[in-house]
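Two complexes come next, and they have one chain in common, chain A, joined by chain B in the first and chain C in the second.
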Partner chain A sequence: MSHVWLPCGDYHQTYEEDQGWWQTTFIKTKMVLLLLVVFVGIPQFLDDYWISVGTMVGYTAMGALGVQLLIGYAGLITLGHAAFIAVGAYTSTLMVLQVPWPQFMIDWGLAYPVSILAAAVTAGIWSVLFGLPSAKVKGFYLILTTMAAQFITVDFILTQYVSQIGGRGQAFSLPPGTIKIGPWIIDTETEVYYTMAVLITLMVIVLANLLRSKAGRAWVAIRDNDIAAEALGINIVWYKLLAFFVAGAMAGVAGAFWVSNTAALSPEHFPWFWSLWLVGVILIGGVGSIHGAVFGSIFMVVVMELLQMAVIPLSIYYPKLLMDFAFIKDMAFGLAICAFLIYEPNGLAYRWWQIKNYFNLWPFSY
Partner chain B sequence: MKGKNALMVLVPMLAVALLFGLSTAAVAADVKIGGIMDTTGATSDVGKDYAIGMEEAFKYINEQGGINGKMVKYTWFDYGYRIPEAITKYKLLKRLKSLVIMGWGTGDTEALSPTVNKDQIPYVSASYSAHLTDPKKSRYNLFFSSDYSTNARACLTAWFDKKWPKHPDYGKRKPRFACAYMFASPYCSAPIKAVKDHAQMLGFEIGEDQDVSLFALDTKSQIMALKKFEPDVCWHGNTTMSVSATIRDAYSLGLGADWIVNNWGMDENLPRLAGEAAKGVMGATPCAFYGQDYKNMDVVVATAKKYNPGIPQEKRLIRTIQAWGDALITWEALIRADKAGAMTGDGVMVKGFETLRNYDIGLGASPVTFTADDHRPTTGCLVQEWTGEKFVEVERVDLKERWPEKWAEAWLGW
Partner chain C sequence: MSQAQALEGQDTLLELENVHMYFGKVAALAGVDLQVRKGEIHSIIGPNGAGKTVMMNCINGLYAPQKGSIRYKGETINPLKPHLRAQLGISRTFQKIELFGGMSVLDNIRLGRHINLKSGIFSGSFYLGKTKREEIAARKFIEEEIIDLLEIESIRDKTVHMLPYGLQKRVELGRALALEPELLLLDEPLAGLNLEEVEDMARFILDINEEERWKVTCILVEHDMGVVMDISSRVFVLNFGNRITDGSPEEVQSNPEVIKAYLGEEDLYATRR
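Moving on, here comes the complex of A and B:
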């Protein structure tokens, strides 16, 4: 087999070969280039504003990966993911602000990294609690139970009880220098971006690995036909709850990261609309694909920013464009979902797959 | 084919617009000021008028020669009261090199506070949260009005001074006090600790808080809960729409308590929405209502008529005046900073805002003072009451004058 290209008709003989990530030199080069763009190109050559847009793409993708796992891989529809992000954000913030850390932990910049792990575990467990009904219900009924997560978690528990910790009222504010990883204080746009880039890379690696494991195959089997999956001996309740745990943990990491971006926190950071937005992200990006979560995030954040850019000069002649921009944005969001569902129901990831195939088969791509 | 033609026109148009938008040179102007407003979100019932008023104020400022002859380029965005959206808009305005940013809600202003401090961009907001008044914590946050905690303390004091002595139970028992507000909203909850502290200081018995959403249309369950406590006076910390829903329900269910309301819940729409129930409602008013006879009001009204003739005058609110209040202090600060040759974020703060001493903007507002140690713009607040026909002054409460020690030492920053 060629080590540069993957020729037609050269089939893999083992599961390991089949599931290998970077199988050829071409793919390896491509991925190294991608990493260079993400870790060097964007933070070194773009201005602060575009770096912050990149950070928003990453934050959106972190949330969308969990939604993708639940909806796209396990077939468990969720509309309450913002609640789990909120749990992660609050866990991390409270740990950083309220835990009496030993001095060496603060000096070595370990408090925030430990709080990220704690946020992942807490949000994962919290997500499992709201995933419990999935043992009995699915479809529309499951949507309602996940929506309950938003109202119970954000509107009730976080707002009325957790926010009062420390007597601050509703909002927490993290003093400068609090978010520290090792020797680095996460303070500038570039540092926040790097934190995001590392976390999203790790999350993609974890999820991609999980999906090619026994758990991943079980999730896909449950999504495709839960009765058949059960007949095959898959413990569907266990794997559904595992999916909720992993998705919740990813949301927890996203929430803990969000704190480093804003250095402030209130329940208003996690509206129910954000859960809906994340579902829109994977619908546009492509359901059932990690690429989909990332492409969807890029599309939703960057396209909306470009739309905003286009509106600025036009607003001199049509001031209402700015006044009603949030409506225009929501309309664009709705239209994009409709357009994708009609013209590209498999999302941007499918289009990407087609483009890749075209070049892989070139010059015989017909 | 028709659709194709439309696309052929639309796509190049958008592309050109995008090109201009992407270029920072597209907004070349002498002094760039940004704005983050809510004209479509949860607080748009009061935010739209504020946003329109702000734009009119900057047009007027340019008519008057701008900042010592330099024109102001005011670029603003609607963020729909969504915090993540406010953060991206802030970063876009920073990229557009805004010298000062006019902000909106408490949630986003508090969320952005660490960032504006780091970036040294004065952020003049419509959030009057007392959390933003301590320069040690939030140096670059400013506003022209009395803060929410001062509003709440002033309203309660005015009620205690003027209404409680007329109550049949006066002298027989402690007055009873409760709060209704949206727990989840930083704006609504910002002054709660202060107003309860004040109630305790004045000797009130305090009941349980009631959670009333900013979107509430029905608040009967909250009123029924309040009825068990039988309050004499209730604080409402929301915006006009939900305040009117609450006092309507209180009226129809016979709660029998007086209402004192924060400034964003007290405007010309309150009697329109609540009708008879609004009679006797008292509220904090950081400035005059639209069209009231005060210094500079003629300028505001004339500018509104000139630039937005399509909006009927009777629909304009106190929010326009509040926007002018923030715009006028910014104007003066920029003029002073420019004269001192300090047109940077820090320069505008030190040579501009922090040089204002009892600066009178007219419009019925209290004189504004900022010092390097204290960003509480005013020491008290005008409390007005809706009599059923018009708003009348109940009392102008000066907290610094009445409790000088507490004002100086205990009440800063919360």
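Moving on, here comes the complex of A and C:
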């Protein structure tokens, strides 16, 4: 994908260079700076509150990446993504709590990482199960089957049956020290943030790599024109299910991560509204781009935090404002989506692209 | 035509036998027989609605004929889905361009390489050595074999839906060719092109058919009689789902039934020339 603008007189001489990531020194510097900000700047220089906001951004982005893959790249509209996040969270929690881990696994802090992998696989398979109708149905019908995933998984199976395991009733809680990765016990905001940062970086790398190889192109082909895709030898059903698997696995990782953030788990963490929220995130961020999922998450989480900050001083005069903040949040969500659909239907990622282009061409207009 | 005689002894690559295709009560194909020999350009002509594209779709697998058999290299391929037929070496272009509009020309052609790329999902996730080598090899193939052949170097990074129609047709041919097919179905590759583009396209089709590197057998559905009669080794005439005749261009042109059914009561007319 050589959409990179090279300085004058600078040419690619091999296909490898032309297809590489980070093709110019400027881009390399920029990306290294970004990584420095994510891994050093935010966790070391901000206070706990903003670090937790960063963690929330990351968690939202993990979910949104899966939704982006399904809706933005494969064209499979899903309204049940929270179900797969929930499956991941419950798989991880149950494994950490219930599996009789050998002592060395606990000592070396392997139990939780292994449970993350298991969560990814379980959620992936669960997602494929609800993706099976996509072989036959499209559009609105597929939306309904994914919504069925939400209600069957969260409201029925998890609430009625899985939550009863261990006799705790509604919620699980993870005792301190159970969430341990290697030598680190994940219990402060900074540690949770680092877990998030590593996972989201990995997920972005995996998704970006998939999108520039065989599978990613097949997904986009199916989204744009499934008949032509079939004529080119792409097994449509297989690649649709693969999209469901990868998106589900990403949701599973997100869910398993969520446990480390809250150390407690209840079906209420994964309402249907969260599925809708993730779709809103990619609509605002920009459908069909990884940037979009990340920008959308940053926008939604940070705007909601700022809104809350604005409401707190006002609540002296209107106490109901803070009490009913959940509704205000929903309203702001709806308003933001409407505004974006009308004024910037291509999302924040498109704006970003425009800005980049402007500076690439500056001082000329084209 | 001497080419037709030279191909006389060649094996049959594709064979349609008594193919029936109904849409409700409408018989789009009412018992069609067709033999395509290796190495020829076999044109299918007929008036609008004769069933030409239906025939293409049956060969390609988008439609499943209710009756009759389709054999490719001697094996019945009726039950195979389109993507499996593509893997056997049957590739096609479409009458209405079916490119992936939002992608670049290069990515469209890369999609044509799909069946030639073998690396798995895990290797793809991390762009490991295998995937990387494969992608570079695919790029090399696309640049050196296809983009060079079709003379589309200057547009390789352009988004497809921004391109003029003639170039889009060319990109679609490139994408079909990237599969390295043995049988290429060309559904009206010349429709909507200007004279210069028609000549280019006809040249590309001949190149693909005759060059040692490719030697692709082509089935051509086309209305431009001038080109059809010039480049085809055999011409198959279809009307209302029935075969009228199948033979060399000269035979077809002199067949009174063809003249009556398709070319009109008067003399043979050729579009644009």
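One rule holds for everything that comes next: the second predicted complex is superposed on the first by the 346 of 366 C-alpha atoms of A that agree within 3 Å, B and C clash if a C-alpha of one lies under 4 Å from a C-alpha of the other, contacts with A are read in each partner's own complex, and residues count from 1 in each chain.
As a convention for this text, contacts are C-beta pairs under 8 Å (C-beta built on N, C-alpha and C of every residue); 3 or more make two chains touch, one makes a residue touch a chain.
Note that the structure is a prediction, hence the values are computed from the model and not measured.
In the superposition on chain A, A:Val311 contacts chain B only, with no contact to chain C. Contact with chain C, but none with chain B, is seen for A:Ala218 once the two complexes are overlaid on the shared chain.
Between chain B and chain C, it is B that contacts the larger number of residues in chain A.
In the superposition on chain A, contact of A:Leu210 is made with chain C only, not with chain B. Contacts of A:Gly233 after superposition: chain C is touched, whereas chain B is not reached.
After overlaying the two complexes on the shared chain, residue contacts for A:Tyr15 are found with chain C alone; chain B is out of touch. By the touch criterion stated above, A:Leu242 is placed in contact with chain C alone, chain B being left untouched. Counting contacts by the rule stated earlier, no residue of chain A appears in both its interface with chain B and its interface with chain C.
Against chain C, in their complex, chain A makes its touches with residues 1-3, 15-16, 18-19, 205-206, 209-210, 212-218, 220-221, 224-225, 227-236, 242, 246.
Here chain C touches chain A in the complex through residues 60, 62, 81-84, 86-87, 91-92, 94, 98-104, 107, 110-112, 114-115, 117, 119, 121, 124-127, 131-132, 135-136, 139-140, 143, 157, 175, 179, going by the rule given at the top.
Across the interface of their complex, chain B is touched by residues 47-49, 52-53, 56, 59, 154-155, 159-160, 167, 169-171, 173-176, 187, 189, 261-269, 271, 273-274, 305-306, 308-314, 319, 322-327, 329-330 of chain A.
Note for the complex: chain B touches chain A at residues 14, 17-18, 20-22, 26-27, 39-41, 48, 51, 55, 75-85, 87-88, 91-92, 94-95, 106-107, 110-115, 117-118, 131, 137, 183-186, 189-190, 192-193, 211.
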